[in-house]
Amino acid sequence: MIIVLKPNATTNQVEQLNETLKTYNVEIKRWDGVHSTVIGLLGDTHTVDIEQIGANLAVESVKRVQEPYKLANRKFHPDNTVIKVGDATFGDGSLTIIAGPCSVETEAQIVEVAERVKAAGAKMLRGGAFKPRTSPYSFQGLRADGLKLLLKAKEETGLPIITEIMSSSHIDLFEDVDIIQVGARNMQNFELLKELGKTNKPILLKRGLANTIDETLMSAEYIMAEGNLNVILCERGIRTFETSTRNTLDISAIPMFKMLSHLPVVIDPSHAAGIPQLVEPLSMASIGAGADGLMIEVHNCPSKALSDGAQSLDPDTFDGIASRIIKAHDQGFSYRYNV
Amino acid sequence: MIIVLKPNATTNQVEQLNETLKTYNVEIKRWDGVHSTVIGLLGDTHTVDIEQIGANLAVESVKRVQEPYKLANRKFHPDNTVIKVGDATFGDGSLTIIAGPCSVETEAQIVEVAERVKAAGAKMLRGGAFKPRTSPYSFQGLRADGLKLLLKAKEETGLPIITEIMSSSHIDLFEDVDIIQVGARNMQNFELLKELGKTNKPILLKRGLANTIDETLMSAEYIMAEGNLNVILCERGIRTFETSTRNTLDISAIPMFKMLSHLPVVIDPSHAAGIPQLVEPLSMASIGAGADGLMIEVHNCPSKALSDGAQSLDPDTFDGIASRIIKAHDQGFSYRYNV
Amino acid sequence: MIIVLKPNATTNQVEQLNETLKTYNVEIKRWDGVHSTVIGLLGDTHTVDIEQIGANLAVESVKRVQEPYKLANRKFHPDNTVIKVGDATFGDGSLTIIAGPCSVETEAQIVEVAERVKAAGAKMLRGGAFKPRTSPYSFQGLRADGLKLLLKAKEETGLPIITEIMSSSHIDLFEDVDIIQVGARNMQNFELLKELGKTNKPILLKRGLANTIDETLMSAEYIMAEGNLNVILCERGIRTFETSTRNTLDISAIPMFKMLSHLPVVIDPSHAAGIPQLVEPLSMASIGAGADGLMIEVHNCPSKALSDGAQSLDPDTFDGIASRIIKAHDQGFSYRYNV
Amino acid sequence: MIIVLKPNATTNQVEQLNETLKTYNVEIKRWDGVHSTVIGLLGDTHTVDIEQIGANLAVESVKRVQEPYKLANRKFHPDNTVIKVGDATFGDGSLTIIAGPCSVETEAQIVEVAERVKAAGAKMLRGGAFKPRTSPYSFQGLRADGLKLLLKAKEETGLPIITEIMSSSHIDLFEDVDIIQVGARNMQNFELLKELGKTNKPILLKRGLANTIDETLMSAEYIMAEGNLNVILCERGIRTFETSTRNTLDISAIPMFKMLSHLPVVIDPSHAAGIPQLVEPLSMASIGAGADGLMIEVHNCPSKALSDGAQSLDPDTFDGIASRIIKAHDQGFSYRYNV
């Protein structure tokens, strides 16, 4: 951490800063220039509160040299983290497709979709039971009943399941869920992250609509700091000024996450674009950039879906897309991060 | 709601759309042009799921004519909502200043700050007990103990208190809190909003970093739909490309919220800018634009603050700022929304 | 175009609107609902000024059903536009790599880079002569002399050249340049676009940092409306809140441009990320999504480059990347837009 | 400037960096820590090319301590720059209102508007002759003829005039214009800025839609570096994710520009919001925050305006707004920057 002092800092202010710095277990170096003074903190600075340092009246600016996350940091964990759930594996170089409807609606619907996506090559079933909807008047999901229907579909097809949690008070209901998803809107629901860190379930953490790469890794760190190291990062589009797509898929998040962290990276092209015709080109782009997995919305009747139908694929279209994506990946079309 | 059909929509698809539309309690009008067909939905369309309509294969585009919120909508509630807590009033044309530290740290600290801000003209005390911090290694607040210290300061000074909630499982702890704050990161934590809607506490709802005006009003609607109509909207800066300020204060949110809704509007210039020198000009701007209140960070020793010290004012500086702002407002410098 | 009237519009205001509408050569349809009135304009509405309509006091909202660009619109020109310059072809399904330094510096430098990138498989040489730099104190390019050095490198290697123009007063200097580039900062320099529309040179139009897909196509339309139909669209990253990459590559721009327009699409992964290690994964992503070309910065000595060295590749690294990208494209890993 | 070296930088790379640094006229300080090395550059670093430094393979990160602009920097010019044109003064603490139509249309129109806005208290007339329009099919302005009409209105009313330039080839036409405006889309049209720097006309420089505070000051520096020190900065809204207003007025730009620079600051509430009802509250906010001037669109018949009518005020409405704004400023409701 590099601290630049104000040219007119008083001895008193600098003294006070020194007191603060001594409370951290780091080595302190000082370099006096003609017009300015620079202080360097060496050692493990991830516990140093950069805002507190910046508040000192003597300080002109502070800058981290080291990333503020540790457990999620590839520097301290060079090998890829591999997460395995049934036949679905994330992080070992394979491509794992997760597919299913936005919302679980009926047993017939979820079982049919599960069978279709399994046949098409998906290794995991997605489906929303608790649904975060912008409007309180929109369908809010079948909630606990939806979880039961998902488990039914798992029983029928053998596909492991992933579904979103919206409150730490629901954790017990997720006991038989294979991967718990934290949605974009809850990426900085820190109380929820802490509770999930105490479970032993793999967590798929979606990047928030306006959260940086660094903040996403800090949210992963929240989960990991409580003991649960099984975190999968998911890019699903960020909010920008562009309105022709629902969000803007930040494809650079794949190489950035891969370089900075050892955690697997999954892309959700359905929510990123909100346009079914973009699912295939964005999926191809994602495997080209080295994604470990894809999460794609498939509904047996998109126009009757109770939520997000507009962006869902029907099973027939998904068949074609999945086969082309899997073939491309099998033939070696995937950037590999040899760190 | 205006629905434009695709030029090549099949009779079958249109039939299916009609079925969907009939499930809503609205009047359906159809207008056949030469090249395209437009359907209008009349009546109360706030329960119509725009995404579901858009998913129909016959639909080219859908557009709301009416806002999707109802209880928060000024059209259905022309008079300003006025919320009164002790001597603090929001929405009646007065200017109410809320002040206090980012985090509650010790009894001495919070009582001293409370006394100082009261003397300076603040009508309400703020202070964080549960703190949402980007890093799990940063100070997380005194939590339940912090709430006790806030109540102590209330007892000493008579100032009503406001503090942030981070989980619905903590609601019981907030029984003696006067206004419960929902932070920007939890603005779309819908499970929390629903639970708060079941209480009778006034809620100060902060706009999320990347949430639109409309989404903020929809989150207010979540609380109101459960029966709690006492919602105060708070603009605290949005995330943009600009990096010289921490966030970008969206000053236009004041007139937009005032025109679209009847709820009071509070501005938080401290978090919006992250720079103490900006608190006064942004406060003056806010009253000029007609804000009902200001929420300002004051710490008795900013450089020793356990969080967000960099943006806090010391009590002496706050004295001057508060007196100038209050004087300007008293002299009539405030835009009035005569709807 | 769909116009929704205000519920309280006066007869007079509606009359005035009708007068305005009659000045356009379109069919006017009117549909009176119980609470609101909708007017539809049918026919070729691309000359209708949507802002002028919106300014009428009777109008609640206006919405285009049809895109406001015509010559660039795939609806009116279903086949891909193919642009051929020497051995470089854009738009016929091939992958064309453009490579070279940010700035032309010396004859030795540009000739050496040209030879190296040609050997690696590039079909076109890029190099900046006129350089748009944020600071007036940074190197501004060799200007006219730089163009001469580029022509020298073309002579030596046979590679066609592309370089950026910054003012319409320089057009004569670009007579022997093969493709003229319009930089992101000049994407809405409409006077320049009009002048370029009067030449017969292919134009590579870079999307502005904060410009939408639609605005980019409207800028292409400016050039095309003057008679020059040879426009190549280039996505080079947009400005968002994310700071870990210089800009955010909007990979969805590829399918959006391809669906909305018939013009070729080139991606510039060097400027988009500003990080050399991201060039390969972003290039792979781009061909996966179906880009027609890539524009990559290569410098014989990045750390001595007079501009943008930080993001340039050295020729050895480029050799490896180019061979892997070309191989992947040859193997068919490229999304095809069969419109 | 602070340069942090990579832990694994080779002697060779560091040597090369030292060579580069020696070419700048600055003092070089080096500080060797246990795990990392920091180099500081002291003295006048505004000519140091930060990108070139960052491209060196030895460099982990580079950071400016000093701003990269010099002539526009308040540190080197503590007093406010005051620009006076006729009765209009910018920067001396007065509030100067510029008003007029988006486009000049006819002599009758511009003279009538000029008379009305003068009577209402405006000190300067605005009006577009050369119009930057997104669509080539929209009205492009009367161009040279529009300038003549503006001069006619100046003759009739005595109001000085301001109008936008779109190409350096038009500079001669602007000889009798009092202030030349550079529009948001041309803020980084560096060739134009350089040419304007060679004139002796005051320049009103509009911030680009996606340009930072720092970039805006660098564009001012382009003009000033050529000898023309009469630059007025204008904030007119930036592009964000919010869609309820056309752009987002960055009110914090007022205090930031005022603290960092000595140049006058004008706000354009009409373009910032695109909504006539927001002009008054945003104007009040602007004077509260200490703006030196306001630029407001007024049209004698907004619904018949050939451009941007939707956001224009009619003269009667402007009368009321101007009188209230001027009164508020006269009463002292304006933040003063006592630097």
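Residue numbering begins at 1 within each chain, and the chains themselves are lettered A, B, C and D in the order written.
To be clear about the criterion, contacts are C-beta pairs under 8 Å (C-beta built on N, C-alpha and C of every residue); 3 or more make two chains touch, one makes a residue touch a chain.
Values in this document were obtained by computation on a predicted structure and should not be read as measured data.
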Completion exercise
Most remote chain w.r.t. Chain A, using mean C-alpha positions, is D
Handout entry: Repeated interface matching B-C, over half of the contact pairs identical, chosen among C-D, A-C or A-D
Key = A-D
Practice task
To the nearest 5 degrees, please report the angle of the rotation taking chain A's Cα atoms onto chain D.
Solution key: 180
Problem - Mean-CA-position distance for chain D and chain A (Å) - result: 39
Handout entry: Chain centre separation in whole Å, for chain D relative to chain B (CA means)
Key = 31
Problem - Length of the line joining the C-alpha centres of chain A and chain B, rounded to whole Å - result: 26
Handout entry: In chain B, residues with contacts to at least two other chains
Key = 210, 239-241, 243
Fill in the blank from the handout: Listed in rising order, the residues of chain B that touch chain C in the complex are 2, 4, 27, 29, 31, 33-36, 38, 40, 42-43, 60-61, 63, 65, 210, 239-241, 243
Handout entry: Complex contact set, residues of chain A against chain C
Key = 210, 212-214, 238, 240-245, 248-252, 254-256, 259, 272-273, 277-278, 280-282, 284-290, 328, 331-335
Handout entry: List of chain D residues in touch with chain C within their complex
Key = 13, 16-17, 20, 46-47, 49, 51-52, 54-57, 68-69, 130, 132-140, 166-169, 185-186, 188-192, 194, 208-210, 215, 218, 221-222, 225, 239, 302-312
